[in-house]
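Okay, so chain A shows up in both of these, paired with chain B first and chain C after.
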Partner chain A sequence: MFWHLYKCRVKILLHNKYLLFWIGVFPILLGTFFHMAFSEITEKSESLETIGVVVTTEENNTDAEKLTKEYEGFYSFISTMEEQGYFEVSYASYEDAMNVVSEDEADGALVLTKTENGIDMSLVFAGSGMNETILKNMINTYKYGEKVITEAAMTNPAALESVIDELYSEVSVNKEISLNAKNMDIYNQYYFALFAMTCMFGASIGLLNTEHCQADQSTVAVRRAASPTKKMAMVLSEYLAAVTIMELLFVILAAYLVLVLGVDLGNRYGLIALASFVASLLGVALGYFFGVVIKGKQSAKEGIQMAVILFLNFLAGLMVGNMKFIIEKACPVFNRINPAAIISDCFYSICAYDDLSMYVRCIISMGIWTVLLATVSIMVLRREKYANL
Partner chain B sequence: MSKVVEVENLVKRYKELVALDHFNLEIEEGEIFGLLGPNGSGKSTTISCILGLLKYDKGSIKVFGKTMDASSYDIKKDIGVVLQNVAVFDELTVQENIDYFCGLYINDKALRKQYVEEAIAFTGLEEFRKFQPKKLSGGLLRRLNIACGIAHKPKLIFMDEPTVAVDPQSRNKILEGIQELNKNGATIIYTSHYMEEVEQICTRIAIMDQGKNLAIGTKEQLKDMIKTGEMIQAEILDAADDLIDKVKELPHVYKAEYVDNHLKVHYTKGQRNLVRLIDFFKNNDVSFGRVYSELPTLNDVFLEITGKELRD
Partner chain C sequence: MQTYKAFLKIALKNYPSVIIYFVVFMIVAIMATSQGKESEKELYKDEEISFTVFNRDGSALGEAIKDYLSVKNTYVEVADNEEAIRVALYYRDIYYAVIVPEGFEEAVASGKDMELMNYKVTNTSVGYYMDMYIENYMKTLKSYIVADNDMETAIKKTLDTLKNSVDVQLVADINNSGITGNPMATSTISDDKPMYYYFYQYIPYIFLAIVITGMGPILITFGKKDVKMRINVSAQSFKSYGVQMFLGIVTFGAVIMGIFNILAYVLYGSTISMTAFVCYLILTLCFLLVCLGITYFAGFVFSKSDVMGGFANVVSLGFSFLGGVFVPLEFLGSTIKNIARLTPTYWYIKANDVIVGVEKFSDLNMEAFMKNCGILVLYALAFFCIGLAVLRYKREEA
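Let's turn to the complex of A and B:
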C-alpha cells in the first residue's frame, strides 16, 4: 500500500508541468543566466594586466630591495607572485615610487616600515580599480599570515614550516579566486543561493500534496478519504515522494551546472547532497504547513505561500545581495530562524568555509524546523471528518 | 434480507442552513435505491455523511449493521463511491487512475490488474486507456469516474448523479451498467434529479426535499400515495361546454378541460376509464381523433407532495 501510494505520487508529481517548471526548469534557466552573466564579467577581467607594484620605504638611506630581502617570508611571497606573473615588482626610493604611482605606471606602492619585530607595510594607490582591489587583498592576506608566522615562530618554532605551507596554500587559493579568469569559484555563492531557492520552492509540492489529502480541498481527496487507506500512510508516503522528486530535480540541476555549463562547485558533493536532502525535507514541510494552516481555496493558498516564500527569500538575500547583511546587523536572530536564510547559509557555508560549524548548525536548525512543521501538518491532516466538503 | 444502510434522525447544518433535517433512511441488501430530489435538497450531503466524511450534528448512521465512522476501515473497504464531481488525477492516464483508486482497496497486484481490466471493459474505455482525463469527452470522463469508484468490486456503491451532463446514449449505457452491477450483487444508492432515470432503474425510491425524506417506496407505491390517477387526452375538433360538463359526471373524473382542441380528463384512481370514455364519445356522437392515456409520473408525485415541480 505504502509503495503503491509512493509510486503513484511520484508519477503524479512528474506529470505536473507547473511544478516541474518552477522547481525543475526555472532554476536551470536562472543558472544558465548566471553563467552567461558571469562569463561576460570574467571575459572582461581576463584582460587584466599584471599588477604593477613598486616597493619602497620611508626609512632614510635604506634600499627597499635590500630591506625586502632581509625578511625572508615577505621576500618569498613577493617573488612567488612575480614568478606566477601576477605582480610586476620594482623597487624605488619613496619619492620616485610616489611619482610612479601618481603617473599610473604602477598600480600601487608598497611602503615598508621597520618595526621591533619585523616590518610593517602600507599601500598607496592612485586609483581604485580592480587591480588595486586585488593587490590590497593579497597584501592583507599576507599580513594576516605574517602575524601567524611570527607567533608560531615564537611559541613553536618546529611548527613554523607547516604554518607557512598552509598560509601559502591559502594565498594561492585566494590568488585563483581573484586572478584566474577561468575559475568561477567567486561566483559559486550565486549557484548555492540558487540551490537554496530551489529547495524553498519545494513548498509547492508540499502544498499540492495537502490539496490531495484534505477532503474539503479536492474531489480526489474525498475519494481517497472514502477508501480504507489510513491517512498516516498517505501523508508519509507522499511526503517521501515529494522529497524524492526534489532530490531528482536537484541532481539534474547540479549535473546541468557542472556537466553542461562547466561550473566548478568544488568537490564537497557529500555536503551538498546532505544539505539538499535536509533542505528539501524542510521546503516540502513548509508547503504542508501552509496547506493546513491557511484556510480557503487552493489558489489563494498558493498565492499566499508564494508571497511568504518570496518575502523570506528576499530577507535572506536571495534576491537582493546584501539584504541578509542588513538584517544580520539589525536583527541577527531573524537570520537564525528564517528558513530561507538557514538554507542559504547552509549552502553558502559549503563554498565559503572549510570549517563545518556553520554547516552543522544550519543542518540542525533545518531539522528542527522540519520536525515542527511536519508535526503540525500531520496533526491537522490526520483529521478525517470535515464540516464542509 | 439484511439492512445495508440505516440512517436515523440525521441532522446536518452548514452554519445556519439546515441541510438535513431529521432525515431517516433504510436500505436493504440488493436494492438499487433512488434518492430523488431537486438541486440543494441534501442528496450529496446525505451521502457524505453516510461515508463518514462529513461531521453531522445529530443522528446515527450504520452501514452493514455497524456504526459508521471516519476510521471504520473494515466498512469502507466494501464501499465504492462515484461522486457528483469527477474525482480523478489529471496527471494520470485512464488506466493509471483506475489502478490508483483500485489500489487503495486491493493490495494484491495480480488481482488488481484483473480488476482494473474488468473495470475498463465494463465502462467501455478500452480504446482510451492511455488517455489523460483532460482529453476525454464529458461522457467518457463520467465513465472513468465510475470505473474508479467500482473497480474494486464493492458490495455497496454510492452514485451521486453519475449521469449529469451526459448525452442520452452514454446515459443509457451507464444506467445499464448500474443494473448489471446490481445483478452481480452490489447494493446501489443512486441519487438524481432526473425522475425518468430513477423510475427506470430503481427498485425503491425516496423523495427528498429541503433535507427531509418526504416519501419512500417503490414507484408504484409512491404513485399510489397521491390522489391523481391517469390522465386521458382526446383530440376533438369542437367540444361544447355541456359536453365537458357531461364528461365531468363520469365516474372517477375530478377535472376535465378543453385546451387547444384537446380534451383533457383527469381521473382519480379507477379501472376501465379509457373504455368508458370512448363509449361515452360513441353514445354522444362525438367524433374524435387520437386518444391516449398518461399514467402519473414521479414528477406528479413530487408536485403533489411538495407543491412544486421536481425539475427547475
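Let's turn to the complex of A and C:
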C-alpha cells in the first residue's frame, strides 16, 4: 500500500503544472538571468587589465616620444612596464591626448614637462577608478626611486650603490598564503541562494500534501479520511514522494547550471546530492508545518508561507548578494538558524572549502530543523479529529 | 460607467500583490540609492581598498605599515584566524590581509630578506595594487636603512618620501578650448551618480511587475467567455465599453506614474533639476506604455491569473537582468549586450544615462533622448499590435 500511495502521489505532483513551473522552471530561468548578468562581471570589475597610457607634453613643437627617449631612466621604466604587459603606451600631442582620455580610449595621459633637473610629470584622467589608481601608483614608484637616489647621492654617496641595489632588487617583499579556498567568485553566492530558494519552494508541495490529507481543507481529503488507509503510511509515502520530486527538479537545475551555463560548482557531486536531499527534506517539512499550524483557507496559507520563504531568502542573499554577510557581522546567530542561510552556506562550503567542518555543521542544522518541523506537524496531524465530514 | 467602475473594483481587489512589489521596490531602491552621491564637484580620488593587518611581530614597523596603508585605504578589524579571513575576503569585506610575521622588524633592521605574508583575492587588480603599494613602502624603507639610517628615522623618511605623489588632474577640469572631446564623458565613467539616477534605474522592474500583476487579472476577467457574452447582450454599446476600458487603463497608468514620480520628487526634489524631472516624466510615460502594451498582449494570451503572476515575474526579472536595470550595462558580456538591445529596458537605461546631470534643456542630448524614447513607443505599439493580432486569431478560432 505504501508504494502504491507513493507512486500515485508522484504522478499527481508531476501533473501539477503550477508547482512544476515555480519549483522547476522558475529557478532555471532565474539561474539563466543570473548567468547573463554576472558571468563576466567579476572578470570585468576585478581582473587586472593592461592600462592604456598616452604620453604627451605641453611643450610646443616637442615630440613626446623623443622627449621620453632623452631620459634614459624614465624610458627604460616605461619600456619595462610595457614589456611586462602592465602598460600599453602610445604617444600623442597634448590636445589629442586629452581627447583620447576624455573619449575613454586610454586610462590616463602622462604629461611630461622639462625642468632644470630633468623632467617633471603629471597625470590626467577622465575619472576615478582602479586602473587610474594603479597607474598613479606605478608612476609614483618611479618618482620615489628617483627621490631616494637623489637624496642618497647628496647625503651618503658611499651608500649609493647599495641603495640602488635595494631599490631595484628582484627580491620579493610579499608572499601570498593560499587560503585553500577553491572558488572565490562572489557572484556564485547568487547560485547558492538560488539552490536555497528552490529547496525551500519544496514547501509548496508539502502544503499541497497537507491540503489533500486534512478533511477540512479539500474534498479529496474527506474521501481519504473515510478510507481504511493508515494516516501515518499516507503521510510518510506522500512526504517521500514530495522529496523525490524535489530531488529530481534539483538535479535538473544543478545539471543545467553546470552543463549548460558552465557554473563552477566543483566536482564533489556526492556532497551536493546529499546536501540537496537534506535541504529538500527540510523544505517539504516546512510546507507541512505551515499546512497544519496555520488555520484557514489554503490561499492564506500559501500567501503567508511564500512571504516567509522569500523574506528568509532575502536575508540569505537571494536579492542582495552580501546581505548574509551584513547579518553575519550584525547578528551571526540569525545566520545559524535561518534555514535559507544554512542551505546556501552548505553549498558554499562544498564549493569554497576543502575541509568539511562547515558542511557537516550545516547538514546537522538542516537535520535538526527537519526533525523539529516534522515532529510538530505529525503531532498536530495525529490529533485532528472531525465531528462530521 | 459600469465597465469603468468594475475595472477599478477589480484593480482594488488586486492590491495585496501590488503592495508586495511596492515594498520590494522601496527596499531595493533605497539600498541602491545609498550608492549615490550628492557631491557637487567631482574630484579625482584613489580607490579606497579595505584591508586588515595582523601585527604578529608587535613591532613599531608593523604599526607603521598599518598606518601607511590606512592613509588612503580603509582598515577593517578582522579576527586573526583563517576562517574569519576567508569569509571576509569572500564577501569582499576586505580585499587584502597583511601579516607582519614575528621577528620582521629585526630582520629588516639587520638587512635580512624576510617577506610580509598576505591573504588576498588572487588574480585581481586590487590584489596586485596592494602588493605594489606595500612594495613601494618596503623598498623605500630598506633603501633608507642601507643608507645608514636607524629604524625610526627610516620609517619617518619613508613616510615623508611617499607623501609626494604625482599631480593628478581631471580632463574635465582642464580649461583648454582646443579640446573637442565630450566633456560629459566623465559623468558616465564616474561612479558618483546622483541618488535619483539609481531610483529611476529600478523603475522598469517595478513598472513591469506592478502593471502586469495589477492589470493582467482585470483583462483576464473581462476576457472570460461568460463575462464577454454578458457584455455583448447588454444595452451598453461597444464604443462606450471600449472608451470605459480605455479610461480604466489610463487611470491605472496615471496612478502608477503619479505615485512613483511624486515619490521621486519628494525624496530627491532638492537634487534633481526641473528639466531632468520633466525628461523623467516623459521617459516613465514611454516605459509605462510599453508595460501596458505587454499586459494588453498577455491579457489575450493567458486565461488564468496564476499564469499571469508567473509571466509578470519572468518578464520583469528577465528584462531587468538583461537590460541593465540590476547590473550596469558595462558589466554585461558582448553577446548578452547584443541580446539586451532587443529589450525595451535597455533603451530606458540608455535614456536614463542621457538625462542624469542635466540642468537645462540645452545640456540635454536631445537626439539621443528622443531616439531612446521613440524606440520605447515603437515597442509599445508593437506589443499592442501583437495583442490585437492574438485577439483577432482567437475570435476567428471561436
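To be clear about the criterion, the second predicted complex is superposed on the first by the 235 of 389 C-alpha atoms of A that agree within 3 Å, B and C clash if a C-alpha of one lies under 4 Å from a C-alpha of the other, contacts with A are read in each partner's own complex, and residues count from 1 in each chain.
Here, a contact is a pair of C-beta atoms (placed from the backbone, for glycine too) under 8 Å apart; a residue touches a chain by one contact, two chains touch by 3 or more.
None of these values were measured; they are calculated from a predicted model.
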item	value
Which of chain B and chain C A:236 touches, first, second, both or neither	neither
Chain B versus chain C as contact partner of A:39, first or second or both or neither	second
Touched partner set for A:228, first chain B, second chain C, both or neither	first
Dominant contact partner of chain A by residue count, chain C or chain B	C
Which of chain B and chain C A:384 touches, first, second, both or neither	first
First, second, both or neither for A:304, with chain B first and chain C second	neither
Partner chain in contact with A:124 - chain B first, chain C second, else both or neither	second
Touching partner for A:1 - first (chain B), second (chain C), both, neither	first
Contact residues of chain A, present in both the chain B and the chain C interface	none
Chain B partner contacts - residues on chain A that touch it in the complex	1, 4-5, 8, 11-16, 215, 218-220, 222-230, 384-389
Parts of chain C lying in touch with chain A, wherever the complex brings them together	16, 20, 24, 28, 31, 42, 44-47, 82, 85-87, 89-93, 99, 113, 115-126, 128-129, 131-136, 138-140, 142-144, 146-148, 161-162, 164-172, 174, 176, 178-183, 185-186, 189-191, 306, 310, 313-314, 317-318, 321-322, 326-327, 330-333, 336, 339
Touch list for chain A against partner chain C, complex	18, 21-22, 26, 29-30, 33-34, 36-41, 44-49, 95, 98-99, 101-104, 109, 121-134, 136-141, 143-145, 147-148, 151-152, 155-156, 159, 162-163, 165-167, 169, 171-177, 179-181, 184, 186, 303, 307, 319-320, 322, 324-325, 328-329, 352-353
Interfacial residue positions of chain B with respect to chain A in the complex	14, 44, 48, 51-55, 70-71, 73-74, 76-77, 79, 81, 83, 85-89, 91-92, 96, 100-101, 103-105, 107, 148-149
